[in-house]
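Pasting in a structure now, in C-alpha cells, and then I'll have a few things to ask.
In this document, chain identifiers A, B and C correspond to the written order of the chains, with residue numbering beginning at 1 in each.
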Amino acid sequence: MASIEFKQICKSYGNISVIKGIDLEIKDGELVVFVGPSGCGKSTLLRLLAGLEEEDSGSMYIGETLVNSIAPKDRNIAMIFQNYALYPHMTVAENIGFGLKLRGMNKKKRARAVDETASLLGLKHLLTKQPRQLSGGQRQRVAMGRAIIRNPEVFLMDEPLSNLDAKLRNQMRIEIRKLQRRLKTTTIFVTHDQIEAMTLADRIVVLNDGKVQQVGAPSKLYSSPVNKFVAGFLGSPSINFIHARRTGDNELTLPDGQCVLLPMDQAQILSDLREVEIGIRPEQINIVKKSDQTAMEKNTITWSSSVSLIESLGSEKLVYSFHGEHEVAIKTTNSNGALEGSNIQLSFSMNNAHLFALNDGRCLSPVAGNA
Amino acid sequence: MKSFNRIKKITITLPIAAIIVILMIGVSWSVAAEKINFYFPTSVQGPLTREMQKMVKQYNKMQNDVKVVATFTGSYEETKIKASAAVKAGRPPAVALMSANFIHEFVAEDQIEPIEFFLKESKQTTSDFLSDFWPGLHANATVNGKLYAIPFQNSTPILYINADHFREAGLDPDNPPKNWEELVVAGKKLIRKEGEKTTRYGLMLPMQYNYVNWVFQGFVMSNGGQYYNTHYLGEVYYDTSTTRGALQFYSDLIHKHGIMPASITNSKQVSTDFFAGRTSMMILSTGTLSHVRKNAQFNYNVGFVPSKVRNGVPIGGASMIIFKGITEKERDAAWDFVSWLTAPEQLGSWSRFSGYFAPRKSSYEMPVMKEFMAKNKDAAVALDQLQYAGPWYSTFKTVAVAKPIGDAIQAVVTGKKTVEEVIPEAQRKADELLKPYNAAHSYIQGQ
Amino acid sequence: MMVDACHLWLAMRKVKYMADNVTARGKKRLLKPFYNAGYIKAWLYLAPALLFLILFTYYPMVQVLWDSFFLKEYGAEKKLFVAFDNYRRLFADEDFITAVKNNLIYAIGTVIPSIVIGFGFALSLTQSSRFKNCIRSLLFFPTLVPLVAAAALWIFIYFPGIGLLDYYLAKLGIQSTDWLGDPDIALYSLMILTIWKNAGFYMLFFIAGLQGIGEEYYEAASLEGAGWWQKLRYVTLPLLAPTSAFVFVIALIHVFTHVDHVIVMTLGGPMGSTNLVLYYIYQNAHEFNDLAKATTATVLSVMVLLAISFFSIRTMERGIHYES
C-alpha cells in the first residue's frame, strides 16, 4: 500500500511529445481513474509508472521511494493488461501463481495462496484449465488473480474491461470496486468509458494531449469542469454548447437574436471577452408546454424547435432537438408529450449554465449552488 | 520425396530426355542430317570441355550427313549414371565416352554394340584393328573375348619429382628413384623437419577413393602381382603376398620412415603440396602433366613408378562406346563419328592438348606428334612407361568391390589398423560381393 | 537451395492447411459428402498438385516398397521374389550399419547445435535495426549458397596446412590438421559445415516465431518479477515450442536428404567415416549396381521421414492451440 506521486513527468517518442509535464498525487488506497480521448497518453503514463517505458524527465515516487531507476520487477506493481496477457501454455493456477514462483516461493505455500486467491475470485473450479478454455470474464478474473496474489503496493489496470460485453462489464466493474475497497490497494484504472470512470473512481484524472486537465471527485468534475474539454468529456449525452456574443456589459446575444442579462457578479468574470459559449447539461433543459408559457424570467432562455429523435432509456427519455443550427440533447423524465417531428418549447435557466471562453475554453462561471 | 536419388535422377532425366527427343524430331524434319547424341565426361572442366565441343563442331562442319549433339555429362561416374538413366528411359545416347573400367557393366546389361559389328561392315578384323592400339589397352576394351569399346584418352600413374629438392639433397634429378629401395633412400634424404613437425615430405600419393586404388594397383603390379583377375570379372586377389607386400610398403613409407604423411590426402592436396614444395615427390596421373608443366615454379622431372620385382602401372582412361536401342541410321552415323574421332590424327591432337597419351601407336608417327614429343621429354617418359602398362582394375560391381581394398589402404595409412588386420577383411567383403557373379558364371572359362 | 526453400514453404503450407482442417473446422469437414460444391472446388484446385504428388511421390514410393521385396540376381532373366532377404542383406552390410551410425552422430551433432545457434542468433537479432538487419543477412547468407558450392568452398577452408582454418590455427600455434582426411575428424568437419550452413536458415524461423510473441507477455513477466533468464525459460521457450518443433523437423529432414557435401568433399571416406545413409543409397544404386539394396535402404529412409512428418503435423496441431 502506498501513495504515488508524479512530478513533472515528460515523455516523447522521437520528436513527438506524448506526456508533457505531469504532476499528480495519488493517496494511499485510492482508486484513481484516468480518462481521456484515445492517444492522450493514459497508457503511456501507466507504463511509465510500471517501468515499461523510460521517462525523459521528472520523477515518480511510490510511497517514499523514488522509482525512476528501479527495475519493473522491483517496483512491486501489478498490472492488468487490456488483453490480460495470460500465458497460453500455463493453467489458470500456474498463471495466478507465476509471480510467486518467480519469487521462489515453495510449491506448497504457493498452492495455498493460489487457492485462496482463486476462491476470492470464484475461480476454484477452473484452476486446471488453460486460458483458451475460459470465457472473457473468467480470463479477466484470472488476470485479476495474478495481480492480487502478490499483494502488490499498486494495481495498474489498462482498460481491463474493454474486451467484455456490456453486462459483464458492469458486473466486473462492481467486482473490481468491491475488491479494491477490501484490499485497499492503491489503484490506477484507465478507461475510455466515462460511466466506468464516474462509478469507479474515488477521483478522476482527466487527461488530454499529454496534460492533466482536471483532477477531482467524479461529482465535482461533473458539476464544475474547469474547461470546455472536461465539461464535454464527462456526461452522457455530452453537454450542449451554445454560442453567444457579448452585446453589453452583462448582456449576451444568442444566434437567434435572444438576449439574456447576466447577474453582475458573473458579468465581471467575462472581463473583456467578446464571445463565449454557454454550456448546458442535457438534464438542465426543460420541455415546457406552450400553454404553460410563463413570463420570461430575466435569465431564462426559451425557444421552440422541432424534435428530430426520441430515445427512451426507460424512466428517462433523450430528446434531440435544435437551437438554431445546433443539435441539442435533452434528458428528461417529463417529455410533455413531445413526438418526433413535432414542435416543442425548450428552456433553461442561466443559473444552471456554464460559461466558457471561446478562445481557450476555460470555464468562466462556476455554477452557483452546485459547487 | 527428393531424398531418393534414383527416382530423382530418373524424374529429372525423363523430362530432359523427352525435351531433347522432341527437339531432335523437330529439327530433323527441317534438316536432312542424321542427328545423334554424344555424352562425354572430363576429369577437369573448362578447357577440355571446350576443346571437345570444338572437335565436334569441326566434325559437323566437314560433312553433311551427321550432326552430333555433344553433351558434357560431368565426371566419369556421373556420365555412367546419366547414360544408364537414359537407357532405362528408352532414349540412349548414340555414343558416349565411358570410363574404361565401366565398359563391362554395359555389356552385362546388353546395352552396347560390339565393335566387331561395325568392323565387319568395313571388312576389318578385330585383331588388325587392335594391333594399332597399345597392348595394355586391349583388356579393358574387351569383354569375354569381344571388343566393345575404342580407347580415346589414356593415362598411367607416373612419378613427379622436384629437381631442385633433389639437387639440394645431393640426389641426381636426372635419375629419379627406379625401385622401392631407391625411393626409400631418396625419400629419407628429402624429408625436412622442424622439431617433431615434418615441413616437407619425401612423397605423397592420392589417397581418396578410386584414385587410391589405381595408384595402389601400380604398386601391386611392381611387386609382381595383380590384385584382380584380368580375364575374369568375379575374382580378386587381395589376400595375397603381392598385395600385402605393397600395402606393407605403404605402411613402412609412412609409419617407419616418415616419408609420407599418415593422412588421406586427395589428388588436389597432393599437387598443391608438390607445387608449394611441401613434398618433393608425388605419384599422379600422366593426365596431370600439362597441369604440372603450367604450375611448377621449379624444375621438375618425371620417372616411372618405382619397381620392386618389375615395372608395372595400370592404364586409366576412357573409351568410345556405341549404344544399342537406336535406329539403324543413327547407328551408322554413330560409327562414322566414332571412326573419325578415334582416327590417329584426332587422337594425336587431343593428346597434345590434354596431356593424355594417344591410344594409337600410329598417332606418334605423325610429324606434328614427333615434334611435340621431342619438345616435351616428360611426355616421352610417360609413353615409354606404356610398355609396362596393364589393364585397369575392373570386376563385377567394380566400385563396390574396390571399396574394401580402398578402405583397407586408408586404414593402414592413417594407422588405424595393421596390414594383417585389413587384408583378410577386404578379401572377405569382396568375395561376398562377387558371390552372385560367380554363382551365375562359374562355368565360364577365362578369355 | 532455392528449390529446397520452395519445397519447405510448400510443405509448411501443406502441413498448416491440413492442421487447420483438422482442428479449426473440425474433423467432420474432411468427410463431408461430395455434393458440396465448395468441396468439389477445393478438390479441383488441389488436383494438379495432387496429380504431381501421386505421379512423382506416392507412386514411386509404392513402387520402391514393392521393389524392395525382389532381387535380380546377376545373369538372371527376371526379378525374383525374395521376401525380406534384401532387408537381411542390408542389415548384414557393415557399410550400411556404419552409415546409419554416422547419420545418427551427424543428426545429433548438427541438428542440436544449429538449432541452438540459430535460436541464439534470433534472440540477439529480433528487434530490427539497420545494423541488425545487416547482420541477419550476413548470417542468412550461407543458406543461399548451394550446398555443392559451399562444400567446394570449404574444401579450401579445410585444406591441410594452407587452408583458411589451418592458417589461423597456426597463428595460435596449433599444428595443421587433416580435417577431411582423418577418419576420426572428417565427419565432424562435415558437421561444422552443415551447422554453418543451416544455423542462419533456422534463425529466420526463430525470428518469425519470436516476433509472433506479444510484447505484453514479456511486460507482464517483468512486472511479475522475471529476469532475463526466467523470461526465456518461462515465456519465450514455451511460446516458441511450435516453431522449435517445426524447425527441429526441418533440420532432421535436412540431415537425411542432403549429401551434396559428402559427394563433393569426401565420397563417404576416409574408411567410410563420412558415409551417410543417402550417400550409401546413391553408391549402391549407381556405383555398386546393387539396386535392390539401395531400394531397401530407401524404403527404410522413407519410413523414418514419414515418421518425422507425422510427428511434425501433430506438433503443428498442438501449436495452433496456443494462438488462443
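Convention: contacts are C-beta pairs under 8 Å (C-beta built on N, C-alpha and C of every residue); 3 or more make two chains touch, one makes a residue touch a chain.
Here the structure is a predicted model, which is why all the values come from computation and not from measurement.
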Central chain (by mean CA position): C
Higher C-beta contact count, B-C or A-C? B-C
Here the gap between chain A and chain B, centre to centre from mean Cα coordinates and rounded to Å, is 91
Where the CA atoms of chain B average out and where those of chain C average out, how many Å apart are those spots? 37
Chain A to chain C: how many Å between their CA centres? 57
Chain A residues counted as touching two or more neighbouring chains: none
Each of the following residues of chain B touches two or more other chains, namely none
Mind listing the chain A positions that touch chain C in their complex? 47, 50-52, 71-73, 75, 77-79, 81, 83, 85, 87-90, 98-99, 102-103, 130-132, 146, 150
State the interface residues of chain B toward chain C in the complex, per the touch definition above. 1-7, 9, 11, 77, 80-81, 84, 105, 108, 197, 207-210, 261, 263-266, 268-269, 272-273, 276, 278, 396-397, 399-400, 403, 406-407, 410-411, 414, 416, 429, 433, 436-437, 439-441
Interfacial residue positions of chain C with respect to chain B in the complex: 7, 56-57, 60-61, 64, 73-76, 94-95, 155, 159-162, 175, 178, 180-183, 186, 256-257, 266-272, 278, 281-291, 294-295, 298, 301-302, 305
Would you mind writing out the residues of chain C in touch with chain A in their complex? 214, 216-217, 219-227, 230, 234-235, 238-239, 241, 321-324
